[in-house]
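Read through the structures below before going on.
Here come two complexes built around subunit A, the first alongside subunit B, the second alongside subunit C.
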Partner chain A sequence: MSLTATPSIFEVHPDCEDSAPVWLAEARNEAWERFTSLPMPGPKDEPWRFAGIRKMALEGFGAAQAVEGSVGGDENAFVFVNNRLTQRPKPSQNGVIVCTISEAAEQHGELFRRFFHAQGAPLGSEKFQQLHLASKQSGVFVFVPRGTVVEAPIVVEHWVGEGAVFPYTLVVAEENSEVTVIDRMRSLDDTGAGFALGLFDLYAAEGAHVHYLRSQNLNLASRSLAVGSSVVGRGADVKSLLLNLGCGWSRNEHVSYLNGEAANSDMLAVSIPTGEQECDQRTFQHHRAEHTTSDLLFKNVLYDKSKSVFGGLILVDEGAHHTDAYQTCRNLILSDTAEAHSMPGLEINADQVRCSHGATTGQIGEEEVFYLMARGIPGPDARRLIALGFALDVLEKISDQRIQSEAATALEAKFADLF
Partner chain B sequence: MDKESQTVTAIAEEKDTVGDFTFPERNKFDAGYGLSEATVDYICDVKNDPDWVRDFRKKALRIFEEKPMPTHWATKDLETINFDKIRYYLSDGERPKRSWDEVPDDIKETFERLGIPEQERAFLAGVEAQFDSEAAYSNVKDAVSEQGVIFVNSAEGLKEHEEVFRPWFGKVIPSSDNKFSALNSAVFSGGSFIYVPPGVKVTHPLQAYFRINSENFGQFERTLIIVDEGAELTYMEGCTAPKFETATLHSAVVELVAMKDAKLQYITVQNWSSNVFNLVTKRGIAHENAEVRWIDCNIGSRLTMKYPGVVMKGKGARGEVVSIALANDGQHQDTGAKMIHAADNTTSNVVSKSISVGEGRSTYRGQVHIPKHLKGCVNNTECDALLINSKSKTDTYPAISVKGNKHATQHEASVSQVSEEQIFYMQQRGLSEAEAMSLSVNGFVNDLVREFPMEYSVELKRLIDLEMEGSVG
Partner chain C sequence: MSLLITDLHAAIDGTEILKGLNLEVPKGEVHAIMGPNGSGKSTLAKVLAGHEDYQVTSGSVSMDNQDLFAMEVDERSRAGFFLAFQYPAEIPGVSNANFLRAALQARMPKGEDLDAVEFYKEMRDKMGKLGMDQKFTGRAVNEGFSGGEKKRNEILQLMMLAPSYAVLDETDSGLDIDALKVVAEGVNTMRSPARGFLVITHYQRLLDYIVPDVVHVMADGKIVKTGGKDLALELEEKGYDWVKEELVTS
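Showing the complex of A and B:
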């Protein structure tokens, strides 16, 4: 590892691109100031309870450097290698804006600025969110105009070698539009220690539908921190699925704001930590209007000495009556040394609310294994099948076929690797 | 009466004119306002504490002073407590009473004002009533002492029964556990010490009534209950307090020890007046195959923070918390449970139901901890919240940590309202809306109320009816 070759991202403020507009350059400077003045999160901070803060060790990372050659990613995808665009797909439908973050800043200034980094990071990572803002971002800006249905999914691949990258996925779906976005995080090799400090903001205006998959499968030397938001308007719907398969240490912070009547957000996640992987997830379902619904299902399958942390909160504002909000975290522990921490939470300030949360932690039932073995399936295969079934169950809640099949393939591949 | 205590009495009487309390107080000893090493020395001198207790108190005082308020997770309301405006020790200095007739008339009048019926007062003959910080009345049933059971106040316990008392005192809840357990350790007075010898099953529940009746006077009871191998005990604690104008602080520490195969049940009905901060630390240790149950009901106080815990230290130990909370206007019931599994095949169960009325807020905070290298641990947690009015609030913050694959835990929480159909149905049959509401709420907690002894469950139903008055319409 040659982490010391480039200066730490914690110490050097990267230069802004020359082509960046003035407002962006200023925003980055201010963000750097805030980043340096905010304290590092500590174990006594409630949003970081149970987190393996020592395992993060983020300060050693320098910015990822450009690499030679191509990676041969999906030809229909935007491909970023070490934070740099290396490939773009054929232009999209008319009227739909799909471009890189830096292009958006130059070409769609006013529109882009309204949504760029407009959400805070209330779940503990404000410092890192400021670092993201202060840095050069990779990733795409997607803008779908009123009434437009984008047929093909927009696919973005981030390949990470050594060092830090700053992916950003900003999706804005106008009234009654529909779009599917898939983010893939991949490592260039098995050993390079990368750090993906990413953001995703999904905006769905009245009646819009947004489907989102974030499939993270970085190598075990890498870290990932993702701060995301779903901002859902009246009658709109955002469905997101986070797959956490790789990384030595990963953390997701995902907030849903239900801003208009009949808004719905589905938040789904599957994590399969093995070895000494740690997977930390914090969520927030904020119901700000009447008749809103949200449903959260996070499932973790834990092997070896892995660890999962789930901290979730449903907040129902005063006056957000007739809210339906659910939150479920299920841990399946498959080894004697794995550990699962669950902190589901509710804060209800309104009336006529139906809310529940549940958290379970358990192991595979011996009867289930016996049943499969009695039908000629060897014990280890039986266990793997049961664990796979447990994880695949989450995908049933997904309406987008492409996300469903991509996630299923990724999960099957992960379980096939395990034995 | 010596000279010093006479002047102290004079000061105490002068201060007492501030409250709206009408009974003359006869506080022979009063440590004055505020807390310092001198206060602790004063308490030690008055109580004639042995040296080890004095050291224990002083060490705890230093911990109290060093520890910050836990406001990084708890309510900011805690910051309104002014520790300098609290009197840390008061006592009428008389020996614990042995029979009802010897109880002074003004104390009897307090019972009267609290509305305890005549029959119940007679029943209270088996009761140790806490008046100010010393047990003003204590009549242990002969039958109980014949069985070898020790039932005394904690001051007597630490002096007369040091060999049983000292090994467990401060061991279940160390002074450094939290800021308020440290405070209690520094200034504790009153509370009970109970020891049940091996194999003895105490058939009648032992009771203690605690009452605050001095303005700005916090009660710092210290209770230690040890139930030896194979023994069984049920202990009941009920609190009621007259209304005062400024906030009072109540910070008790209750330690329970259940030895092998023992069963210990601790029942609390808390109904402090709505200006009391009730910050209590309660924990039990359950050894092999022992069972510790906390049955807890919180109706009164301005802010209650109470998370009864069970450390399941021996194989097959069981822990249980059954909790009812009712939060009305201006109240915050922040309750919960802490289940620490420290041996194989231990099981714990938490059932919590809360009702928020008006602008009341109820919170459930839970911790379940199952460490490495254990097997067969099971936890079940259920919390249900009922919101009555549109400004009622409820929160749930459990934390469940499980290591290893030989356990099962489940947590479920739900929030709901009284269904309009139910109310409508009952109104159709001639009940008023308020009656229908009361009935519905009583139905919500009914399965838990049944866990309380009969006289308590009757009282509870009455209290719920009372709290529901005026919550509709």
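Showing the complex of A and C:
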């Protein structure tokens, strides 16, 4: 890594923009203090069980530097290259706020501040979350006023070269509004070692609907850590899909808070690690009100010497009666040398709840392969079709067509590259 | 030109199931195999398709003078062999349309792509003929299909892949009379001088609708009797014990 010129993100408080309001500058300084004082998590810490903590060694990473030229991203997207805005789409609908995080801090101070970094990181990455807070973030703030349906999806592309970037997607959907947000994480080239330390917070107030796709396809030299939350109010609903296709090492921590009666959160993920990729995912479904529902389905297709880790917890609070909560992790293993670790979990403190949690690990059924081959499909293609089918099955649960089709295209492209 | 099976012996887990089976299905003809449960009919079908659980211990099968056993499962299909399964597998997540496209794409010359528009048109047309709802294009192959829907789906594949030789294993089981007529009609439209059929059934009923040229009776891993279509009626009337008794006395 040719990062010697750039100070390590672990040693020097990153320069933040001068235009940041005082409250933010102070919050960043405090976060830097907490970041430096918190210990580095290790494999003995429960939230990091089975994690390849070695791969998380970040001392060599400095903040990503500005690059020349453009990347030609999606013209309807906010495009950030190495943590810097390089393109913005046409303005969104009237009344809807869609702007960068720095613009939000400057222009929507009071509103923005209520939601900015408000959720913490209860699943193990507090230290890194503090580093994120201490740094200059890229990404967007989306605020949808009550009753507004945002027609076009809000698309954000993060292009990452060498060094660390700090993407943040903060979505606030007020009462009875609806919005779809798509984040894409991409590498500038095949070799630059990037580190995307990202956050996403999805707030759905009473009766609101939020649809979210995070499609991560960084190069194998890169790492990604995403800390996310879905905060769901009465009768509201957040549906999220995390696609983990790239990165040598990636970890997602996703918390859902079902705060209001009849709130729902769907948490979906598909990961296709190959080679020596490692994909680590920790989740928390916290039911805090009656008649709330959550449905988690994470699928991993593992090739070669890859590794997946899933740790999940459903917690039903006292009084959150009539909760329906499901948590399923399914691993399809295509090689003898891949490893899948699953740690589903459940804690129920209320009555009349329906909860299930479970994990399965299996291989492709020989009868299925035989059936496809008996129709003339060569063995490797048959296996690929079945594995792709296993992954695509998750998309059946998605109601937003645009997310569904983008995810399907990404999965098909991924499998087309596999033997 | 025929599907020619000569002195076929096959075993599963060391138990011999096919015990010297001889049979020839010339192109253009429809042959039926009838036989009691457990006589080895499905074993024959799966051995022909190339299922790896079965060990062929001796004998040969040639399809238009090609050695079937020299080919992999997928090669046999592309060379023109088709088996409609008694118990079709379910393939979660793989849509019927994508599955059929992959099967047809595998038959295209290298570098050529299947015409997607033409493909969908043809598939919808054939589904219409089989009384299949259009929603089956997007549904996962056989997943959650009823018994009858699975059998129709097998015949849809038969119609789309247009093989030279088709073996239908108990395609009538699980079908009510209306579905049976639709499926039989589908098969009948596929009858041609360029195609041979081997229709395996336990009951004579199917043969009222798919009228065979030749009927074979199978018992204990062998063909024990061969005749015209009236043999099926005779079997229905006298039962399989009649063949077994004849076998013992002869």
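Rule of thumb we're sticking to: the second predicted complex is superposed on the first by the 419 of 419 C-alpha atoms of A that agree within 3 Å, B and C clash if a C-alpha of one lies under 4 Å from a C-alpha of the other, contacts with A are read in each partner's own complex, and residues count from 1 in each chain.
The definition used in the following text is that contacts are C-beta pairs under 8 Å (C-beta built on N, C-alpha and C of every residue); 3 or more make two chains touch, one makes a residue touch a chain.
Remember, predicted model here, so these are calculated numbers, not experimental data.
Engineer: So, on subunit A, is it clash or fit between subunit B and subunit C?
Structural biologist: Overlaying the two structures gives subunit B and subunit C room side by side.
Engineer: Have a look at where A:341 lands relative to subunit B and subunit C in the superposition and call it first, second, both or neither.
Structural biologist: first
Engineer: Once the shared chain is lined up, is A:106 touching subunit B (first), subunit C (second), both, or neither of them?
Structural biologist: The answer is neither, since A:106 touches no partner chain.
Engineer: Is A:358 touching anything from subunit B or subunit C once the two structures are fitted on A? First, second, both or neither.
Structural biologist: After superposing on A, A:358 lies in contact with subunit B but is clear of subunit C.
Engineer: With the two complexes superposed on chain A, say which partner A:378 touches: subunit B (first), subunit C (second), both, or neither.
Structural biologist: second
Engineer: Using the superposed model, give me the angle at subunit A's CA centre between the CA centres of subunit B and subunit C, as a multiple of 10 °.
Structural biologist: The C-alpha centres give an angle of about 80 degrees at subunit A.
Engineer: According to the stated criteria, A:261 is in contact with first (subunit B), second (subunit C), both, or neither; which is it?
Structural biologist: neither
Engineer: For A:368 in the superposed arrangement: first (subunit B), second (subunit C), both or neither?
Structural biologist: The answer is second: A:368 touches subunit C but not subunit B.
Engineer: Applying the touch criterion given at the start, work out whether A:386 contacts subunit B, subunit C, both or neither, answering first, second, both or neither.
Structural biologist: Once the two structures are laid over each other on A, A:386 reaches subunit C alone.
Engineer: In the superposed arrangement, does A:318 touch subunit B (first), subunit C (second), both or neither?
Structural biologist: A:318 contacts subunit B only, not subunit C.
Engineer: Which partner reaches more residues of subunit A, subunit B or subunit C?
Structural biologist: B
Engineer: Of all C-alpha distances between subunit B and subunit C after superposition, which is the least, in Å?
Structural biologist: Minimum C-alpha separation, subunit B to subunit C: 17 Å.
Engineer: Using the touch definition up top, name the residues of subunit A that touch subunit B in the complex.
Structural biologist: 44-46, 49-50, 318, 321, 331, 333-363
Engineer: Using the touch definition from the top, list the residues of subunit B that touch subunit A in their complex.
Structural biologist: Residue list for subunit B touching subunit A: 72-73, 372-373, 385, 387, 389-417.
Engineer: Sort out for me which residues of subunit A touch subunit C in the complex.
Structural biologist: Spelled out, the residues of subunit A in touch with subunit C are 365-368, 370-379, 381-382, 385-386, 388-393.
Engineer: Spell out the residues on subunit C that touch subunit A in their complex, using ranges where they run on.
Structural biologist: 49-52, 72-74, 76-78, 83, 85, 88-95, 98-100, 102-103, 106-107, 140-141, 157, 161
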